[in-house]
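First subunit A sits with subunit B, and in the next complex the same chain sits with subunit C.
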Partner chain A sequence: MNTVMALAGIVIKELYRRKDFYVVFVLTAVMTLLLGSVNFFHDDKIVRYLKDVCLLLIWVSALVIAIVTSARQLPMERESRTIFPLLAKPVTRAQVIVGKFFGCWFAVGLGLLVFYFFFAVLAGSRDHRWPLAEYIQALWLQWSMLAMVIAGVLLGSLVFAAPSSNSTISFVVVAGILLLGRHLNQVALQQPEPLKTLVYVLYFVIPHLEWYDIRDRVSFDQALVPWADCGLATLYAAVYVAFLLFAAWLVFRRKPLNQ
Partner chain B sequence: MDAIVELKNLRVEYRAPERGQGKKVAVKDLNLRVGAGEVFGFLGPNGAGKTTTMNVLLGFVNATSGAAYLFGVDVRQPISRQRIGYLPELTYYYKFLTAEELLRFYAKVFGIPRATAETRIERLLKLVELEQARKRPIRTYSKGMQQRVGLAQALINDPDLLILDEPTSGLDPLGRMKVREIIQRLKNEGKTVFFSSHELGEVETVCDRVAIIAQGELKVEGAVGELVTAHRANLEQIFLKLVGYTGAL
Partner chain C sequence: MKRPAPALVLIALATVSVSLGTVCERRVGQWSRRNQSDSVLKVLLGDGRRLFANHFFVMADVYFHSGYYPSVFDRRTGAEVDRRHLSGQEQEGEDGHDHEKEMSFLGRPKDWIESFGRHFMITEHTHLSGGGEREILPWLKLSAELDPQQVDTYTVAAFWLRNHLGKVQEAEQFLREGLRANPDSDQILFALGQLYYENYQDVDRARNVWELALRRWHEAESRNGKPEPFSREQITINLARLEEKAGNYQRAIAHLQEARLLSPAPAALDRQIDELRQKLRARPEAAQGK
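== the complex of A and B ==
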């Protein structure tokens, strides 16, 4: 566990010493504050839309940070040859994968904390409510969702040739699941066989990232998701993460280090 | 003498990059033994199989057949690497870290207690003369400084065996001398050093024994003095003769 945590620490240090996170955060903050300074049609409920926009930006920004950070981890180790002194120590390739995963996940978690703090202050200053439980739930579910994304991107970084292609494909897949994932079963019903079965299989195989999106509940002050459901969603994410990391290890254990 | 490094009929084959060319043999049935406290030079021209052999010893590449052991433990077991230090050729360490952060990271990987790690980091930074630059990010280091921080990371676990892949490659004469001094000091401390180099003068100075390989095959192995006497030539001439170069001889 020492090794895994040491590796995770390196990823976290890398994130806060690079400028990526600060750029994304400042962009999100500036865009939200600009929108917040305008009151369209003198609508008293404008704060809801402001919250909605801010949460959307947080989702996009967190995805950008998670995908870009995870996509470069293993290729960068190989490109800069730091993987050699690392694996020359009593470190297994499985530990490298798990360490990188936790590093990215914790780093993104820290980023999310900053984003949600900003969101809470912004929303609280406008509607004078502090529904902390809602925010914690939204943050936790988004963080769980990002765990699946990070594990998938790490697997992708061992399969695709370059971090840029991995990032692009990951963005497309994640956006596709978020937008279409919940409708795939309905699409399947309208298809002839064997396409119907194929789409159904796809519906049951893909990780349903959209289940973790409770932005509407937060924006429009709806009731909390039952905590038991949150627990189940966390378990669901953990199973997918374990499966994706295992697949990454299977690929990495046979992979030549110098290619 | 206990064997610290042992290779038994080691054979490594690669699939050739071009289609239809079958397999390329990088190392052919290599047998080697390096005893405790020896400084062992592993020589050969480029593409001879030196780095491949080292990669097998470090667990980066699996042998096609034969076996390799470090301290009597099969190199496929990660624990075989607990007592070794490795300095790769031309490595760029995590550029966003400082030297002391890098060493702290590797100390943590070895599970070295914090207090011991801090004492060792102090000693190593002094040894490689990076005390003044310890808080600077590695990206600001010169090539020689990067190589010295590499040497420090290789020594963080106080290893009994040091594997160095062309440790003086790309260094200026002063940098080379410093690396040689460090190797000599480690030898005096009773450490085993296994290193590859193209600097034959340097090898002649610091090594107890050498092995020369060419095209994956062991051509000769023995004490430097004995080889020089037996061949009535210096190490460079022996090397050129054994690798099949006749031009200047």
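== the complex of A and C ==
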């Protein structure tokens, strides 16, 4: 476990040494504050559009950080040949995979904390409400969803040739699931056989990332999602993460590193 | 060859910049004069801005329902939303039930994934109330910025501003903006008349504006513009009420007679006409009695 945490620590340090996080955070903050400064009919109590846009930017930024950071971990180690001394420590390949996963996940979690702190302050300053439980729930669910994304991208970094192609494909797949995942069963029912069965199988196989998107509930001040459902969703994410990391280890186990 | 002094190069570049600035300024000015608007965004987006404007109008409706709204996939399976409720034209009773029916688009979940996923979605049909209606305003404003010719945007925003948020001046200002962009719109004129009549209690101005709205409606009809019949009915009925209150029964009757030509329930208007005729007959008798 110490080895895994040591590997994770390196990834976290990398995140705060690089400029990626600062750039997306500043962009998010500037865009939100600019939108917040717009005056609509001299009414300073209007806040939902601002919460909506800010949460959207947080989602996009967190996805960018998660995918870009995870996609470059293993290729970078191989390219700079630091993977050899790392595996000679001795550190097993499974530990490298798990360590990189936790590193990326914790790093993204730290980023999310900063983003949500900014969001809470901004929303609180406008509508004078502090629904912290809702924010914590939204943060937790988003972080759980990002765990699945990070595990998937780590697997992708072993399958695809370059980090750029892995990042692009990951963005397309994640955006596709977020936008269409919920509706695939409806689409399936309108298709003729065998397409209907194929789409339905796809619907059951894909990780349903859209469950974890409760931005609407936060923006529209809805009641909390029952914690039991949050727990089940977390378990669902954990199973997918385990599956994807195991698949990544299976690929990495026999992968030659000197190519 | 002797190199020019850096100061001279600097002055030359500054001169060229200013000259180019004067040339470009005129062209940019021409961009922004298109469609009688100052927004470069409109020039950049072209007619595509109408799509965005329509999307933002729908966003206002989404916000009005606190996020509970049919997606394109739900609409494919028959769920369609009549947006009249957004402009306060929804009647209690039949239309209210219709709206409730069209918003029950979710149905029973088809599988456990959909069933579990609903715990994370908004699944209750509600409307904003108690001042929360203000949340739809940014989208309406944006929609009007992008497509000033979409008349509904102005009337809907004005309805909520003056009736629910107590912002009568802002409503008037927004309607006037709409009128500048759509000088022939009978609907904006009608909304402006309502504002004068109901909020400012300015009967004369309301009458003038509604009469102008009626003229605009007839002009549009004579141009074969196919104006909204409901709009004419609303204008004439409101004019009739105004005249009745002002004691001009003859004019009120004339307006009601015009309204009954288009009304789906002419019998009710006939009764009102009869009542007004009785009042009219009673008037000289009262005068004689004195």
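Annotations for the structure displayed:
To be clear about the criterion, the second predicted complex is superposed on the first by the 254 of 259 C-alpha atoms of A that agree within 3 Å, B and C clash if a C-alpha of one lies under 4 Å from a C-alpha of the other, contacts with A are read in each partner's own complex, and residues count from 1 in each chain.
Keep in mind that, in the parts below, a residue touches a chain if its C-beta (ideal position, glycine included) is under 8 Å from a C-beta of that chain, and two chains touch if they have at least 3 such contacts.
Computed from a prediction, not measured in an experiment: that's the story for all the values here.
On the shared subunit subunit A, the superposed partners subunit B and subunit C are arranged side by side without overlap. Applying the stated contact rule after C-alpha superposition, one finds that A:K13 touches subunit B and leaves subunit C untouched. Once chain A of one complex is fitted onto chain A of the other, the partner contacts of A:L87 are limited to subunit B, with no touch recorded for subunit C. Once the two complexes are laid over each other on the shared chain, residue contacts for A:P226 go to subunit C alone; subunit B is not touched.
In the superposed model, A:E210 lies in contact with subunit C only, and not with subunit B. By the touch criterion defined above, A:R48 reaches subunit C but does not reach subunit B.
In the superposition on chain A, contact of A:L257 is made with subunit B only, not with subunit C. Touch criterion not met for A:P131: it reaches neither subunit B nor subunit C. Between subunit B and subunit C, C contacts the larger number of subunit A residues. Of all C-alpha pairs linking subunit B and subunit C after the chain A fit, the shortest spans 38 Å. Interface residues of subunit C, counted against subunit A in their complex, comprise 63, 66-67, 71, 73-74, 76-77, 110-111, 113-114, 116-117, 119-122, 131, 134-135, 137-139, 141, 157, 161, 165, 167, 170, 174.
Subunit B makes touch with subunit A in their complex at residues 58-61, 78-79, 81-82, 84, 86-88, 90-97, 101, 105-106, 108-111, 150, 153-154, 157, 163. For subunit A in complex with subunit B, the touching residues are 2-3, 5-7, 9-10, 13-14, 17-18, 80-82, 84-92, 256-257. For subunit A in complex with subunit C, the touching residues are 38, 40-43, 45-49, 141, 182-183, 185-187, 189-190, 203-204, 208, 210-214, 216-217, 219-220, 222, 225-226, 229, 232-233.
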